[in-house]
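Right, I'll just put the structure down here and ask away after.
We call the chains A, B, C, D and E, going by the order they appear; numbering starts again at 1 in every chain.
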Amino acid sequence: MPHMTATATWPPEDPIVSIRGVRKSFGTLEVLKGVDMDIMKGEVICIIGPSGSGKSTLIRCINALNDIQEGSITVEGQEVHDPRLDKLELRKKIGMVFQQYNLFPHKTALQNIMMAPVLVMKENKAEVENRARALLKKVRLEGKEDAYPGELSGGQQQRVAIARSLAMQPDVMLFDEVTAALDPETVKEVLLTIKELAAEGMTCILVTHEMGFAREVADYIYFTDRGVIVEHGPPDSFFDDAQDERTKLFLSQIL
Amino acid sequence: MPHMTATATWPPEDPIVSIRGVRKSFGTLEVLKGVDMDIMKGEVICIIGPSGSGKSTLIRCINALNDIQEGSITVEGQEVHDPRLDKLELRKKIGMVFQQYNLFPHKTALQNIMMAPVLVMKENKAEVENRARALLKKVRLEGKEDAYPGELSGGQQQRVAIARSLAMQPDVMLFDEVTAALDPETVKEVLLTIKELAAEGMTCILVTHEMGFAREVADYIYFTDRGVIVEHGPPDSFFDDAQDERTKLFLSQIL
Amino acid sequence: MTPVRVLAAVPVWIPFALFFLCALWPSLALAQSGEAVRPFHALWRWAPFLITKGFLFNILISFLCLIIGTGVGVLLGLCQISLLRPVRRISWFITQLFRNSPWLVILFIVMLALPFEVTIFGKAYFVPAWIKAVVGLSLPIMANISEIVRGAIRSVPNTQWEAAEALAFTRQQTMWRIILPQCFKRMIPPWMNWYAILTMATPLVSILGVEEVMNLTRQAIVAEENRPELLMPFYGFVLLLFFAYCYPIARLTLRLERKFAVKL
Amino acid sequence: EQCTNETWNKIAQRGTIVVGVKADTRPWGYRDQTGGIIGMEADMARQVADTLGVALELVAVESSNRMQFLEGGRIDLMIATMSDRKDRREIVGIVGPNYYSSGTNVMTPKALGVTAWSDLKNRPVCGKQGAFYNQIVEQRYGAQIIAFGSNAEALQALRDKKCIAWVYDDSSIAADLASGHYDEFEMPLVSEDNNPWGLAVPIAERDCVFGRFMSGMQYSWHQSGELVALEQKWGIQATAYLAEQHARFADWLAD
Amino acid sequence: MPHLSRRRGAPISGPLMLDAFSEFFRQLAEDYPRWNFVFFYQPVQAGKIWTGLQYTVILSLACLVFSVIIGVVGAWLQGSKRRLLRNLVQGYIQLFRNTPPFVQLLFFYFALGQLTPTYSPDGWLEVPIISNVGWAIISLSFFAGAFNVEIFRSGIEAVPDATIEASEALGMTRLQTYSHVILPLAFRVSLPALNNNLVNLIKTTTQAFAIAVPELLYQAVTIWNDYPSAQYPAMLLLFVVYIGLVGIMVLGMNRWERHLAIPGYGN
């Protein structure tokens, strides 16, 4: 497996995530009907589209939380839906942040962040703790180390969730509508954190409804509808110059 | 009680809802610290402000779901917090729609709408049913008569909730962040329904975070912070020319 | 609108007072002035024996059953959510079988199915009836604990499994580090509740001839020449013993239930 | 059948004989206030142990479990007011000569003036669960048996006038009547089915050492008049049976 | 025999089957003395089992109904404004929840039984107005009812305040809110717990044998006392019957639950 190398050495000319003709059904309901995408290292891409169009399903397929029926998804050259794949290996490379944060309610913020590196990566506890504290600082939550999720606001919880994913030092981060469950004011904090992350060169795949944010931060935008990508392009051309009717309708509604 | 007349005859020069020096505490926490407002018949007013500033509490006081410690609230000239007040009479005059829709989950859309007129107003069932169907049509939900709330999307549920309130033929409608629990796309459907209602001359008091909507539909805007009204005025001057620091800060964040 | 949560507010003396009223008033009302003293005198003489040889033994039985029932029940509960279909099926069946049979019937069957004597390394040991009783009572407890475990695990949102999965936790790690710690608190109140139910089921084993409080009470009445005015004070006394033991447990359970309900 | 004398050897090995006696049948076997078992049968058990030169352990048995205790090896010997019946001989080793005998009789209130067994027809009669007398009065005289778990409860039911009679063995009833607590009751009928009582060893031991030994014990008890003495000691009305047996087995050489 | 039946035009399979049935068990008892299904071939014993079954069913049904009524009324009383009333209900609940039903039965029957009025059909016998079956029903109903009160109460508490407010905001009275919104929702929420408790109740009816209620367990014990050889068969029968009864009950309740299910609510 020549491609299974660390990010640092991933050739910048190859896509780090490559999606080819992916089809996915739940029972009789076809949710993804042939999706293609290429994401290069350090790129930030945003997926937007109406509810139920398959955005969540797509990014869940990327880290093998859902399986696919057809097509291929490779991450760092490795086929994700290869039955022989070591899922744990894959998930060490991919961080994922959910809409509902999904923090572990019985652990403090710090413990939430430290758990996976210690248990999964068997890293040294003291080292991990240092990193976790640094990450909490990065997401502007110094002083909340010992707070339980129930004691944090939605925005704070979401930032802990981001820090928790980052603690695994993933090569790619997936964000699924991470601000959808937040109130308008706290959305900003979370978006700021992601923006900083993008600026540092992390490869990010975001599903979002925040158009302003997508425009500002994305290198590339995909618009999905009913399981297919109907429009894509760099933000400026996408927002000002959409070709597809559905995209135009959607953009008009959202604004 | 000379003032207990139907809306139709309510003199347009008197405020239909009048709020004077209202103070309200929950235990030791003072939530409203002296609020004054006048709402004329047919007016649409929007209340905006940060979370926890007492918006919900204020409109719940108008319909006597919360009691107040000081001040007075009159609806069509009648004191709401008079202990001898017939709350049921008051609530027939005031419709209220909640953030969480609060439909009755064990009743279909149609039954939800018909319940109060039949049980409370003892109206003829057949008549009420006709009106309920018309209302469902008005909120663009024909065909959903027999759906249970659990089978409807958030936006659809919220529109049923609006129709349910309208079925009581209230003189004043209260809306408490009715779109806050909805996803961005379905927000539009609900706002459209409210806009139509406002256009028909219904007196509406809205708590909302949708600035664009407030600007478009409101006759007058109040901004509350920590239990007091810190700024108010017609939409244009309010949005473009806010004087108060907190208001400015809030507006800058929201956008 | 919500009915007031009065339970915790009820002063402890109220149930006790009611209890004395119900338990002792009839006997007092019945017995004539001079006569009333005698049954209570007899009860007084027998009480130490009934408590130390009888009731404490009931408590011992209940503890043993709890330990066995919990241990096996937790395993059974985990089997119920196993990934292996046959394991799931079998553990489900066992759970349902023992959950839905009357305790008395289970007790009778255990009494017959277990030998009175087992031979271990060539040496024969008696299996006293109370050990069988422990086995018999452990079975339904085990089944109910199994359901508690399954229910608690399923009450943890699916998203917690997914979050752990996305962080590359193995299933084992997810179960022991993420899911079970979250369930643990939720399981305590129903678990304690079952302990109280179990304790209250221990008089049933009198039918197996185990010398617990109910049986000894009857024998004491016989030894007192079957005087009929003894029945009420003696049975009332047994009720009182159980009440005094189970009521505090019930209150503690309730308190924990509230505490955990808010936190999670 | 080859004799293994298993139980016999076990007793010797252990140095203890475990005898099952009643603990709920005064005066044959009942508790003293320290919890020990006393009574006529307990005394008999003591003599067996003394004769064998082993320690004695008394185990309280009940009508409903006494045979299982013996079958299963929980006890080595059972002396528990058991009537000697054919079907019982198939399960446990009952050895003669029988040590006692009693008939079926009833205790009824004097006020009722019962004079014949047929008076019981279709009337409620209290009994003890597991006693075979129930079957007799039910099948022979058509009484309705209400069986309770213990004598105390059945007698209480009789006093509460929930039944017109208490059916049990005549000697036990006589003992109760003699206690002075049942002055308004009587035993007016002629005992039926004078039925010898049997003590029992495990069935495999019946025709082996242990069975033969117990036969001998009973024989010598009769011969020495020990049983008559015990009867007296425990305040039991003298039974004709014991007197007869004493005469019958009398030593022909004794003066 | 077959000729006779045929001439009469009666279906021959019935009696033949029955004959064969009892003959089979008679034979079985002879071949395997431990498996004497005496109640399958001896009419008297069969009658006992049949009576026992009837009593068990009657007991279960009656207790089911009364305990649910007690539960509903108790939950309603618990919402009362009167502190004394609430405390009384609380006392009742605690009393019955925290003492063994087995001892409760004995106590009810013997202690309270002495205080109930009686009538006398023959001048001596005092038949209490409440028979032992009656006391079993009362005692077990109160026992299960104590649990039902709590179950319904938590069901009522589970109805979101917001839903109640919505109905208040529509001008509904307390009673209307209670009967049209709270109860229907609370009842659905309570069903699974209620289901559990009622299953428990059916199982608990066996304990009525302590006060000589001639239900199934009582009859089974009687039979195996009379016929020690019928012990295993009687137990097997008990096991099968109770699993069956509970099964029917669970099936019925599940059906009802499904019938009451609201699309998109719960689950």
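Everything below uses one rule, namely that a residue touches a chain if its C-beta (ideal position, glycine included) is under 8 Å from a C-beta of that chain, and two chains touch if they have at least 3 such contacts.
A quick map from chain label to UniProt name: A, B = Polar amino acid uptake family ABC transporter, ATP-binding protein; C, E = Polar amino acid uptake family ABC transporter, permease protein.
These numbers were taken from a predicted model, which means no experiment stands behind them.
The chains in contact with chain B as well as with chain D are E. Chain pair with the highest count of contacting C-beta pairs: C-E.
Nearest to the overall CA centre, using the mean of each chain's CA atoms, is chain C.
When every chain is reduced to the mean of its CA atoms, the largest separation from chain A belongs to D. Chain A and chain E have centres, each the mean of its CA atoms, that are 56 Å apart.
Centroids built from CA atoms put chain C at 50 Å from chain A. The distance from the centre of chain C to the centre of chain D, with each centre set as the mean of the Cα atoms, comes to 36 Å.
The distance from the centre of chain A to the centre of chain D, with each centre set as the mean of the Cα atoms, comes to 84 Å.
Chain D has residues 64, 149, 153, 156, 160 in contact with two or more other chains. Under the contact definition stated at the top, the residues of chain C that touch 2 or more other chains are 112, 231.
Residue positions 106, 110, 114, 168 of chain E are each in touch with at least two other chains.
Pairwise, the chains that make contact are A-B, A-C, B-E, C-D, C-E, D-E. The residues of chain B lying in touch with chain E in their complex are 63, 65, 87-89, 91-92, 94-96, 98, 100, 102-106, 115-116, 119-121, 147-152, 161, 164-165, 168. Per the touch definition, chain E reaches chain B in the complex via residues 160, 162-163, 165-173, 176, 180-181, 184-185, 188, 262-265. Against chain E, in their complex, chain C makes its touches with residues 1-7, 10, 14-15, 17-19, 22-23, 26-27, 29-30, 97, 99-105, 108-109, 112, 196, 200-204, 214, 231-232, 235-236, 238-239, 242-243, 246-247, 250. Against chain D, in their complex, chain E makes its touches with residues 33, 44, 106, 110, 113-114, 118, 120, 124-128, 132, 210-212, 218, 221-222, 225-229. Those residues of chain C that touch chain A in the complex are listed here as 157, 159-160, 162-170, 173, 177-178, 181-182, 263-264.
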